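Heads up: the structure comes next, in structure tokens.
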Amino acid sequence: MIPLNWYLWLSGVVFCIGMFGFVTRRNIIIMLLSVEIMFNGVNISLIALSHYLEDLAGQVMVFFVIAVAAAEAAIGLALVILLFRSKETITVDDLNELKG
Amino acid sequence: MSTLIALETARFGIPQWLWTIGFIIVKIAVVLGGVMLHVAYATYFERKVIGRMQNRLGPMVVGPYGLLQPIADGIKSFFKEDIIPTNADKPIFFMAPVLGLMAALSSLAVVPFFNGFVIANINIGLLFLFAMSSLAVYGVILGGWASNSKFSFLGSLRASAQVISYEVPLGLSLVGVMIMAGSLNITEIVNAQSRYPGGMYITAQWLGFFVFVVSAIAETNRSPFDLPEAEQELIAGFFTEYSGMRFALFFMAEYTGMIIMSSIAVLCFLGGWTIPPFVLKILPFLGVVPGIVWFIMKLYVCIFFYYWIRSTLPRYRYDQLMAIGWKVLIPLSLANIVITAVLKILLHHTGTP
Amino acid sequence: MINQVFFFYFAVVIVAMSLMAITRRQVLHGVLYMLLLFFHIAGLYLFLNAEFISAVQIIVYAGAIMVLFLFVIMLLNLREDVRKKQFIAVWPMGLLVSVGILMVILMSMLTVHIGTKGVWGIAQIERATQTVAVGTVLYTQYLFPFEVASLVLLVAIIGAIVLAKKRLR
Amino acid sequence: MINTVCPIEQSCVLTTAILLPVLAAAALMLINRERHTTIKWIALAASIGNLIAVVPLFTNFDKTSARMQFVEQYRWIEAWHINYCVGVDGISVLFVLLSAIIATLCVLVSWNSVKDKVKEFYIAILFIEGAMIGVFAALDMFLFYMFWEAMLIPMYLLIGVWGGPNRLYAAVKFFLYTLTGSVLMLLGVVAIYIVTGTFDMVRLMNTQLPFNLQMLLFWAFFAAFAVKVPMFPVHTWLPDAHTEAPAAGSVILAAILIKMGAYGFLRFSLPMFPDASQAMAPAMVVLSVIAIIYGGIICLSQKDLKRLIAYSSVSHMGFVTLGIFSLNMQGMEGGILQMINHGVITGALFLCVGMVYERSHTREIADYGGLASVMPIFSAFFMVFTFASIGLPGTNGFVGEFLIILGGFTANKTAGILAATGVIIGAVYMLCLYQQVFYTGVNEKIAGLCDITLREIVTLLPLLILVFWIGFYPGAFTGFMDATVASLLVKLKGGEMHALNTLIQAVVR
Amino acid sequence: MQISELSPLLKLLPEMIVASLGLVLLMVDAFVKRKEVVAGLALAGALAAFFSLKFGDFGVVFGGMFISDGYSVFFKLIFFINLILSIMISGRYLKDENSLHGEYYCLLVFSTLGMMVMASAGNLITLYLGLELMALSTYVLAGFVRHDTKSTEAAVKYFLTGGFSTALLLYGISLLYGVTGSMDLRTIAAYIAQHGVSGNPMALLSLVLLSCAFAFKIAAVPFHMWVPDVYEGAPTPVTAFMSIGPKAAGFAVLGRVFLYALSNMSVEWSLILSVLSILTMCVGNVMALVQTNIKRMLAYSSVAHAGYALIGIVAATPEGLSATMNYLFIYTFMNIGAFSVVLMLHTKDFKALEISDYAGLGKTHPILGAAMLVFMFSLTGIPPMAGFIGKFYVFMSAVRSGYLWLAILAVIFSVISAFFYLRVVMYMYMKEPQRPGMELTSSHAIGAALAVCATFVLLIGVMPERFVEFAKAAVKMLYFQ
């Protein structure tokens, strides 16, 4: 039997890697990927907890998280396309019209 | 893990887990060998069928009736020069065909060819099939992307859009079957059909079957939905730049995909390896025929259907393709789900199984 | 023993893949590493008696979301852009912060006290099969969130269409 | 808290006085902005009407009672036990009257000088009038704060829109200084409510708060009142605001607004935090004396008419706070009286400056000279007010300052002496000013000015009358406050023989 | 189906009306060319939902997933007011921007539905889905004017930060789930009350993560980075909409989760939130000082107001909660009012987004100027405007809970805020018009919205009794109590 800690640690590591990617990368698509990685980190811990708690709420939550992630990806990528059409860039640093 | 591995109990002084693994490996070898052979001869079959439909003979030279033609083709492509385009994204270029074939082949793991013969009899068999079929698109996309060629690129763009779009009705069309069988395990789905009049779900799920067939054709990029590889427009689409063995891998992936789709159709709508009860009632001696025969017969009927359509129908336009997918098939499959669910509840309330 | 080995394999690959995914210059490569990542996470879920979720993970993440990413990358033809810096200039800061937060997270989970256990033990789930178990709670207890989720997806569809359709001007 | 409302016992004088101008302002909003004359007349009618409406306060006031009179109470926000409660006692009644008078004069003085955005100007003036009376009449802390703050908006606009060239700076400075002070007071109000559970000022005056809390609250309220007065370190907004405001604005600022601070000390600090006030009185006295001397010295070097009068206000308000915090009968009565006096005198002076500015468009003292020969009637008026400001016997200034210095001397000899020095400095700068402006050779810039008109004479006349009335018969005014001030002192120094004596004195008188 | 089966659905009446409104709008939009019809229908539906609050039933449905109580009804009231006013002020702007599509109203409605689900959530899963429903719709709304690169930019920024905050929220939820073994708020509360989690670092971590995630939604510092850019870039009516809705919804869940599910950890979260509150007021007010763009200024002002409203939560008492609710209620009117003035100045040819563009407004358009004056003073918190009542109540609750120092800081910051609000007034009244004949973009709907806002700002300022009592009663009727 694997201790619950291990799963939680793994989830924490994945979450932080995602966070690192989000704060250090400036490519919007990579940033989206980073957010997805963060979601996956959370999912790992939810599934593990659900297993150890002998409760299905965690799994249901993961199900919804995945569904919502799909929805978010759709909107996010639509925004990326929109952005690329008008500005020919997908780098956050080029989003410089709004400053002050 | 335990659910993944069907445990066998035989032992001759060898640890049980080794037996299990050995047995699985043997099963895999058998299935792969069989399917690969069928893939090879599916090409032969196609050329023959289309040849006949076009009033010609098809391959006749290599071997009797040209029966060795697929072997010859294989040897030829194996020894052909492997050309890699300049500026290609090499790792991805190498990976793409393998990925496509892998996705197709791994689907075989959950396909029961006859009662009890399945590599992994898992509870979520149908979902696994979905998962693997949804991966098929990677080979296409990556191949087109990595080739660094306009034709490949456009082809793969079209292919990915098409495959993504048609995955939805494909999945939804099977939901009716899931509702009726109450399980995702394919063996159970087949068994559940025997309780049903006609021994197959096609009688009740004809709408689902129609949607499934259409989207399966589109999903495997076959005519009349073979826009990604439309010769007149795009040379060969996403695998324009591929040659030799890699080209052959794509080719194999496509035909394996056809076989997978056909087997899903057989398993979920046509009663799998079982003989329809009414046939058995009239001709009881047919009961001794092994299930695999029925399965392969049904499979080849489906594959024949593919070829028939290919030689009959003209290709659709791209916007028509999309329109059919989104505006016809998806609503139809949704309607199918609703009708099935309502009927199931009503029947459940009235006491009929 | 065998469990531990498997876990370590999955853990190492998951961490490695996620690191690779966020550090690639080529977006496409990142997406492919993500693909591998998802497969391994799905494998991990099998350990935890969550085969349904595992399949959903592959179908939705690998089969839909990542394909969507790939599709967009192709649509916009986002090739390697060497002019752009890969990371922000102060990325060590980001690293420091992330590692700091990671340390906090790891430390706080040295010992875990979990709450009251529920009714869905392993035996219970295996008896009902996991898909049925999840399906049952999903359509009874969690019906309301399920309905809301359907609206979320509807909104995503509307939104994507509104944003990405050709301009009307 | 009074739950039942008994309308028979209630007069509606104060509510009328508050609402009448506000309603008139609302009516003005509906009138076409081009019809200047109509607007002016309506504003005048409203303010005079209000003046008439407050006359009962003067005639029906029971001078022997220290209790609140003309009380009206209605439930307002029950969730927080807030009532609409107004009433006046000996301290506030005079200010209500003064407010009504000053507002009328402001309407008169702006008759021709305001040409831009006339409608908005009179709306602002009328709003201010309502709020001013509200501040002096409110007997509920929440209501008081509402009026206190509500004054800010029209006053800010008055300075900012119709003011001089540097008006933006002055307006913002005024607004922020006063707002800073009053939000701290707001916290004090909230704290009091949380400790005692009521906003009712009459009840709070009879509530003994713990000393530490008193100290805290004293400083919270001090922030608001000291800014308004303005006391020494926080007075810097005043010269700017007075200088840049239009004539009417300056008058209101000088005559009423800065009195609110001193009024606040009398109404809140002394009765509600008596122990803290006593403990802090020396500090207040020191600040007052600094203000007196400092204000006076600064005045000596001023080159701008309005600025000079503004700084003289700092000095004079120093007298007022000195009087209040000398904590004896003479000082306190003197302080209150001096508040009225200062309102009259400085109001009049600003009116005068406004009148002459309207003609010459300059406020530089150096630009004037020999005005006495150009505008004789005007210079006569101005002279009276100058003398009153200096505190010449016979004018009201004398009575007030004398009482204060007396009180200050009783409390602290040094303070009394220094305050007396302040009077001398006051005489110096006022006389210098008068000489510069009215007697040296005629400056050609002001040569052709015509004398003040009848309307302007009418404007100044009431103030002139007040100057002499108070000067010759202060009892008419101190009479209003005797009982109240005495009872306040009893509360402050409860049980002490000293207070008893003053009480007896008051009753005997 | 019997009536008895229907009766639990009565508790969902407003939600059902709003959800079907969204779907109907979608269908109508497909067949109707004149988008004004869609707008009218949306307005009618929103009003119907607004009045349906009266007939709704209190109680818990779906096994604790959905709670209909006084608390949620109060917030729904705010959401509906926000929705109605937003619909009213949107049409003209979108038409001028050539972006009048029916989906706009549909998304507004769905976003509102998401907020309602959040306010009523009795389970962390419901909360999360409601939040996502709201957020996704708002992302799209922010980028709704597609040809405007600023709008797109705003949407992208909003989306990225929103996604990040969602991840934080999820992590917090997962840890809380691990600590207590449930997603149900009531069970969580019971577990914590019974076992106590004070020494559990995981619980603390989850608290921090949840605070961060909610801080994103209510735009509290240091999670406010997105606010100015998004508010400036998004279409102005959308900015108005999302300066209130998501913020109020964030406060709704903040109140529900922190004050009830985690009420036993109030010491910890009060500390976190008080720091957030101070930072928020400080940064919001100070940054607003230097803005020249009115939308950006209002964005920072909105950040600052989140800080004030947080004070009520920090107080951690029912009174504080009702103070916050009252604050948000008032804020709805004054902020939408201010934005509708901004909208009216926006014409096809001239955007008028700089504060200096307001020069002379008081002279050229006295009524509009007066309205803006009222809103600005109300935002500053000067009586007799409603903003004062809001602040007063919040400060009172803070002082009562012993947070005098917090209240002192808050009033000091509100004095600082006077600087930039007054600047608008100054430009309007004390400067001469820059452009001859300033044109207005006006319609009956915007005018009506403006009138409603101004009326309520003054009405609540003078007669707050009813509204205060309402907020108090709403908290009293909170399900958990």
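Order of writing sets the chain letters: A, B, C, D and E. Residues in each chain are counted from 1.
We take it that a residue touches a chain if its C-beta (ideal position, glycine included) is under 8 Å from a C-beta of that chain, and two chains touch if they have at least 3 such contacts.
These numbers come from a predicted model, not from an experiment.
Looking at the partners of subunit B and subunit E together, the chains they share are C. No other two chains have as many C-beta pairs in contact as A-C.
With centres taken as mean CA coordinates, the chain nearest to the overall protein centre is E. Using CA-based centroids throughout, the chain positioned farthest away from subunit C is D.
Summarising the inter-chain layout, the chain whose CA centre lies farthest from the centre of subunit A is D. Distance between chain centres (mean CA atoms), subunit C to subunit D: 71 Å. Rounded to whole angstrom units, the spacing between the C-alpha centres of subunit B and subunit C is 28. The distance from the centre of subunit A to the centre of subunit D, with each centre set as the mean of the Cα atoms, comes to 65 Å. Centroids built from CA atoms put subunit C at 7 Å from subunit A.
Touching two or more other chains at once is no residue of subunit D. Listed for subunit A are residues 8, 15, 18-19, 32, 49, 53, 55, 57, 60, 64, 68, 71-72, 75, 79-80, 82, each touching two or more other chains. Among the residues of subunit C, those in touch with two or more other chains are 47, 52, 56, 64, 68, 73, 75, 105, 109, 112, 114-118, 142, 145, 149, 152, 155-156, 159, 163. Every pair of chains that touch is listed here: A-C, A-E, B-C, C-E, D-E. Residues 33, 76-80, 117, 120, 145-146, 149-150, 152-153, 156-157, 160-161, 167-168, 171-172, 175-176, 179-180, 183-184, 186-187, 190-191, 193-194 of subunit D are the ones touching subunit E in the complex. Listed in rising order, the residues of subunit E touching subunit D in the complex are 362-363, 366, 373, 377, 382-384, 388, 392, 395-396, 399-400, 404, 407-408, 411-412, 414-415, 418-419, 422, 425-426, 429-430, 464-465, 468-469, 472. Only residues 26, 28-29, 32, 35, 46-47, 51-52, 54-56, 58-59, 62-64, 67-68, 70-71, 73-75, 77, 126, 129-131 of subunit C touch subunit B when the two sit together in their complex. The part of subunit C that touches subunit A in the complex is made up of residues 3-4, 7, 11, 14-15, 18-19, 21-24, 27, 30-31, 34, 37-38, 41, 44-45, 47-50, 52-53, 56-57, 60-61, 64-65, 68-69, 72-73, 75-76, 78, 84-88, 91, 94-95, 97-99, 101-102, 105-106, 109-112, 114-122, 124, 133-134, 137-138, 142, 145, 149, 152-153, 155-157, 159-160, 163-164. Within the complex formed with subunit C, the residues of subunit E that make contact are 19, 22, 26, 61-63, 65-66, 98, 101, 103, 106-107, 110, 113-114, 117, 123, 125-126, 129-130, 132-133, 136-137, 139-140, 143-144, 146-147, 155, 177-182, 191, 195, 200-202, 204-205.
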